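In what follows, chain A forms one complex with chain B and a second complex with chain C.
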Partner chain A sequence: MKKLLTILLASFMLLTACSSNSDKSTNTSNEGTNGGSTGKKQEITVWAWDKAFNIAAMETAKGIYAQKNADVTINVIENAQDDIIQKLNAGLNSGTTKTLPNIVLIEDYRAQSFLQAYPDSFFALDEFINAADFADYKIGPTSFEGKQYGVPFDSGVAGLYVRTDYLQEAGYTVDDLQDVTWDEYIEIGKAIKEKTGKDMLTQDPNDLGLIRMMIQSAGAWYLQEDGKTPFIANNAALEDAFNTYKNIMDANIVKVISDWSQFVGAFNSGDVASIPTGNWITASVKAEAEQSGKWAIVPFPTLANTASSVHASNLGGSSWYVMNVDGKEAAADFLKETFGSNVDFYQTLVTEIGAIGTLKAAAQGEAYTAPDEFFNGQTTIADLASWTEQIPNVNYGMHTYAVEDILVVEMQNFMNGTELETVLNNAQTQAETQIR
Partner chain B sequence: MKTEVRRTSIRGSSIRTKANLTGWLFISLAVIMIVIFYFYPMLQALLLSFKSGTGMNLDYVGIDNYKRLFSDKTFTTALTNTFIYLIVQVPVMIILALFLSVLLNSRQLKFRGFFRTAIFLPAVTSLVAYSVIFKYLFATDGMINKLFMSIQLIQTPIEWITDPFWAKVTIIIAITWRWTGYNMIFYLSALQNIDQSIYEAARIDGASATRQFFGITIPLLKPIILFTSITSTIGTLQLFDEVVNITQGGPGNATLSISHYIYNLSFKYTSDFGYAATVSYSIVVIIIILAFLQFKLAGDKK
Partner chain C sequence: MKLRRIADKLKYHDLFIKMFSIMLISIIAVALSTWIVMFRMSEQVFIDTFSITNSKIMTQIKTSMENMNYAVSMTASNANTSGEIRRFLTSSQYTTIEELNSHYKVTQEMRRIQSTLATYPIAMVITGINGNRHATDTTIWPPTYKGLQEHSITKQTLTEPRKLHYQLDESTIDGKKNSEAVVVASKALVEQVSGDFYGVLYFAMKEAEFRKNYAGFTTKGNDVLLINSDGVVISSNLSERLGTKELELLNYAQLIDKQEDEYLNVEWNNRQHMILSAYMPNYDLYLVNLIDKRYVLSQMLNVKTVALLCVAIVIVSLIIVFIMSRRITRSLTLLARQMSRVTKRNFGNYITVKGSNEIVEVGKAYNLMLDELNEYIAELLKTQKEQRNAELSALQMQINPHFLYNTLASVKILVQQGNREKASATINALIELLQNTIGNASETITVEQELINLKNYVYINHVRYGESIHVSYFIDEQCHRAQLPKLIIQPFIENAFFHAFQGRSDGYIYVMISRNGGNLVCEVVDNGVGFEPIKLDQHIKSETSSHFFSGIGIRNVNDRIELLYGGSYGVNINSSTGKGTHITITIPFISAKDITKT
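Let's look at the complex of A and B:
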């Protein structure tokens, strides 16, 4: 009996995977029956994860679409991103498409792993949207085998957010940080630390987002261009990024944190002088109204020893996908009319939510060129939108997070004095065993 | 004579068969349920552990997954971490629980009910809720560090969550806090079943308190100690919530547990349920071996 019990407990791991999608079925079960037939009231279910951001954007789109298409009901359901991934995996594996939504938001880093692992589960949108209308770098992750599956949503364009008052105190101006390399950034960071006692940036040792931004700025990634073969050893951009990361950490200008709330807390409380990250942080920066006028956004620094590195990169960002279930045409049409082409809608997104889209035409709109008082009148949206167009297009492939977990460990070894070459070779070997 | 015997034996056996059948009938529902909901998935999981691939593209790869286990550095790390938790945490917790239960069983102690409740209370809290609170208590600028610094115990804050060594310590402290009270309850109930006259006799014979503890309490609690150590071992091998919520396996896999790795393989990375099932089965094998060893070491023939 005890042996039995032990085995049972272990098998729970797998059982929970199956049970997790059952609780959602009550919410979405009516969608399967109504979705297919045209003429009657159509229902479209959407899964997204951020109430203040992508859900808010979806709700806006829903409002706009409802004005012309009263016969379509759109249900936006909030799930945590991890839950969405679990439910998609569980649903697609078990083949029970009834529990799946019509439209789902997937992070760009993960998109290929879904598109390739579950072929035929997503609906190609070539007839509905034109891929060339969107920022180039968004097309790699959202398409597969020449077909466009995703409607690109937010730009994850990276910028360097800096505290102008701290810069001044250390004898610099914002211009000194325009178009710099990381080496110059570190020097300024040291000066600021010396004069003001403030750290230059925060880093979570578990999150190599900084490395990801650095290598994408040079058009490189963890994987070869095929999106499958690990490209860690002999990856010049990655080597440069590792060295730069170590220099930053060793310069004693980093406040070490371990989660999101500490990350936000650090700049809201004025503990750090800069934030190198994706533009989606703007809302959190502006949340601290007292710091109005003290911030500026400058282009992302480049890797000093990598010629291909440009002043534009990306962190995060996600896109909408239509599942290949009943109601897919209606869902695709909805996306086409809103996220796929509507320039005015994108202006609303910027003014109401602060979400910068990747539709190229939207950048000419009024909202994009408006100055932002919080950033001293800088036309931040226009700046970010122009950097978006320069982001090098890389194939994120299927294994970003698997490789990153290996690199996190090896980065610790590198920081503790192991040779860079050994570290990267080890990571390469491990990645080759893990990825197949 | 012969026929007589046979007839009675037939009648006897038919009664027995009937009784047996009724018995089987009563448990059949439970048996069928267990087969459908436990054995069948277990078998499926076993079959799954011989497959590999991404998402739905699973192919049979034979014992390739099991070979992969041995060359998988992350698995080795997860295994080592889990064993460190096991070797450090389980004995500490068992001893602490024993100690507390003997204290709380003492008749001289006032407010016993209050103390018992207080120590058992952690066991009723949600795993996720307490983990999140621990994460904030042990943050670099969290309460624990502030407390230690204000009483001059340390000069610089300890990196409870971002340092590989201290992160393990944090996890161990957390699990110990959560589960000590739970185990203590078992000891407490066992202690109350020990006849006081045995202690009286020992006292009359002049045995010291220590002698009484090791000569009477421990031997009489042995079955319970075995039970709690086996359940704690199993619990530690399945450690998941604390690691995910407090450290997310970090820094750099330093606190990754096997269950967390299974989760990552299934959901964080491009999902490979085949290999994840293989790792799950490795836990099964380890638990069986450990339970067997504990039975042997405890020397219980039953």
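Let's look at the complex of A and C:
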């Protein structure tokens, strides 16, 4: 009996000793986190959308970072973009940081609305990345009051995707579409429609992406430089864009659509001869393998009546932001080592996912200069990358989508015959009352 | 050998083994039966409560599903009556601007109509006979319009245009088949008045979202499936069952519906299931609730813990029982061992008294018994000895009356013959003989005295039968004072007188007494006819009237010596026919002084 008791007692002692040990170890790890050093078992949560693109890129980054930093766990959570916006707003409004992730992906058009409303909730990354390393146009949306908050990710650099076979049928070559104005584009479109019966492009009346691309190519936007004041009436570039838009419609070369499936379906089934859009469409274009060799990408057309318009623009594109919560240093370090500076990583992104980054140095890499057989051996990535550098820097401000909702309605009025000046003045008035 | 030793050991633990095994069996039996009964009872309780709560839950699910269906069918009817949508799907011959306008308007219209569905993440899709189409959210459905016209969902819809069809589309989803499967409710768009068909309306909802109608109620082992009338699983928390045909479940569901049962107990997927079902006529779907009885019960009861607890309790009680019964039986075992050591004639093995109170009492009683037993035996021995002595002395008293008669007759003849001297000598010898045998009370006498008795006896015999048989005495000097039991030599001389010389007129008898180490050796040798050893018994037993004593036989002599001195002493008879008889009596040499001392 005595023996039994002593054994029991001994095992209790041992147990308590063990548990006190484990307590100590957890304490030290907590201290490590609080101290900001790369402590043990750091966990980084990332919110992003689009499995094939953004999530895939983040997973690649995770793999690369894990090779050197095995003690950091990166937890990528996929959400729809709207959900992320909602959750982020909810979390930031409530003032608690518990529900927020360490890293979040935000579309450039919306970035300022978050940065300006909650500057303290985001972690400035000036000590980790150099803003000058990235394409200039990305800096506007991702920075606020001189501080760099976002790590610029994908380029939304716009290009004009064209069907070379349709061009040929209409008696043109790709060269005829290089560095054209929208007016020249319309003429070629008419010829193609006449010869092949195919429309030149698709348009969705509810999405003014084309207008946005046009005005950014001229260095203009829906808002003033301050990012707050609506700039619709007397916006020369916008006027030119609206007129050009109407010309395109009047030319009867547009296949009207109203959703994404129709958009993708139209060029996949060969119903349209061109797609003026962001480079992220490349994957969808290449999805139709039968059309290999029939496509080329040419520079974005310019607005004929706007001198500032260049052959480069942007559509979409997003960047990574570090939230000002526990573990921010680790998260910032992770972004610095991958999206912030790793040229090799960007080569992997291009070859495996087709994502073109905005790190300038990455454009020198091998993958960027490789020719693409689908586009007849064109060095598409290099071309797109070079256009990226020319994209005019505009301040998307806080209200891009709010203004666009107004413009969508006014555009219909314009199409139905209302004077342009009236349309834009109406829109200006509405915007001024709604925003603020 | 080893086995035997073990068997021997076990023999003493017999009681313990029996006691312990009875305890073992009964404890295990009690634990097991309690466990089983409890298990059965809780199973019954569980089934009763589960069937009640789950049928309530089923009603709840049904209600929430009906609500959704109501919203969907309301929206469908709104869409059907919308002129904007009808125009969008029927008209053709547009300019781009008109088309743009029409698309814009239909987008607005769809948005407006869809607002009645705002609480559900449902995408609306319309396709028209003019090839126009629109989807409110293509991330949900359809991924592409290609092939939609020929899709089984569309075809199914056109067979019954006025009905809202609920179907599952998992055919066009890339890679992840199940998680992205879409539940599609479809309805043909038909002109109200003319009945002309002009398009199809689809409501698409990711199955994962559709599932939320009931997902809150499901747990592992408590599953919900929605099965259409073809047996196809439209939605389920069991993702792997999506789109499969479950005809067996459909049969059960229809059976429950027909018999208006609460639930059925069935074997499904090789496991015992309780199945509840409700038919939802609006959906034309069976809402099936499957409960894996064993699993859910194990969740509720945690069979493992209960079993472990039972085992632990059984083991602990067995250990206690083992120790206790061991302690109790150990003292008994010891007692049994000590008792068994008390072999025959060895009553000195007293027991060391220890252990429990009862055992101590038993031990004490046993020891007491041994004491008494020993006392009794001692007493018995004493009495026996006394009895023997008394017997002997009695025997010694019984001098054969014939001997006396014959001797006295011989004396009478001597007197008549006038031989007074010889007559008086004979009378004297007789007197002396009688005096020594009857008068002397002590058991042993000296060799000297015995010699006198012998001589007197021989003298009387000579007077009676003549002096043809000569008796000679050779006595060792140092033996005169030695002690010997009374009248042990006389019977042999008497025997020699009357039997050794039958048919002969003369003979010799020698009596020799000598010391051999610690022994006194008396020998009676005759040169008579001798006898075969076999005849010894008859020979000795035969009694004649001429004998001095009526009761003391030669055999008695031997017994007396053994009784007095022990087994190593006695009479040895050596005889053969024609060669005479040699009798040797060996007794311990004890001188008369020793006797007086002790």
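FYI, the second predicted complex is superposed on the first by the 398 of 436 C-alpha atoms of A that agree within 3 Å, B and C clash if a C-alpha of one lies under 4 Å from a C-alpha of the other, contacts with A are read in each partner's own complex, and residues count from 1 in each chain.
Everything that follows uses one rule, which is that contacts are C-beta pairs under 8 Å (C-beta built on N, C-alpha and C of every residue); 3 or more make two chains touch, one makes a residue touch a chain.
Everything quoted here is computed from the prediction, not taken from an experiment.
Shared-chain residue A:Gln262: touches chain B and chain C both. In the superposition on chain A, A:Ala80 contacts chain C only, with no contact to chain B. By the touch criterion defined above, A:Asn89 reaches chain B but does not reach chain C.
By the touch criterion defined above, A:Asn206 reaches both chain B and chain C. Of the two partner chains placed around the shared chain by superposition, chain B is the only one that A:His399 touches, whereas chain C remains out of contact.
Here chain B and chain C are compared by how many residues of chain A each touches, and B touches more. In the superposed model, A:Val254 lies in contact with chain C only, and not with chain B. When the two complexes are overlaid on their common chain A, residue A:Thr433 makes contact with chain B while staying clear of chain C. By the touch criterion stated above, A:Lys68 is placed in contact with neither chain B nor chain C. Of the residues of chain A, those at positions 204-206, 256-259, 262, 408, 412 touch chain B in one of the two structures and chain C in the other. Chain C makes touch with chain A in their complex at residues 95-97, 99-104, 106-107, 133-139, 142-146. Against chain A, in their complex, chain B makes its touches with residues 38, 41-42, 45, 48, 52, 54-57, 68, 71-74, 77, 135, 139-140, 159, 161-162, 164, 230, 234, 238, 247-254, 259, 262, 264, 266-271, 273, 276-277, 280-281, 283-284, 287-288, 291.
Against chain B, the residues of chain A that register as touching in their complex are 2-3, 6-15, 17-18, 82, 85-86, 89, 92-93, 113-114, 116-119, 204-206, 256-259, 262, 398-399, 401-402, 405-406, 408-409, 411-412, 430, 433-434, 436. Against chain C, the residues of chain A that register as touching in their complex are 80, 203-206, 249-254, 256-262, 264-265, 268-269, 408, 412, 415-416.
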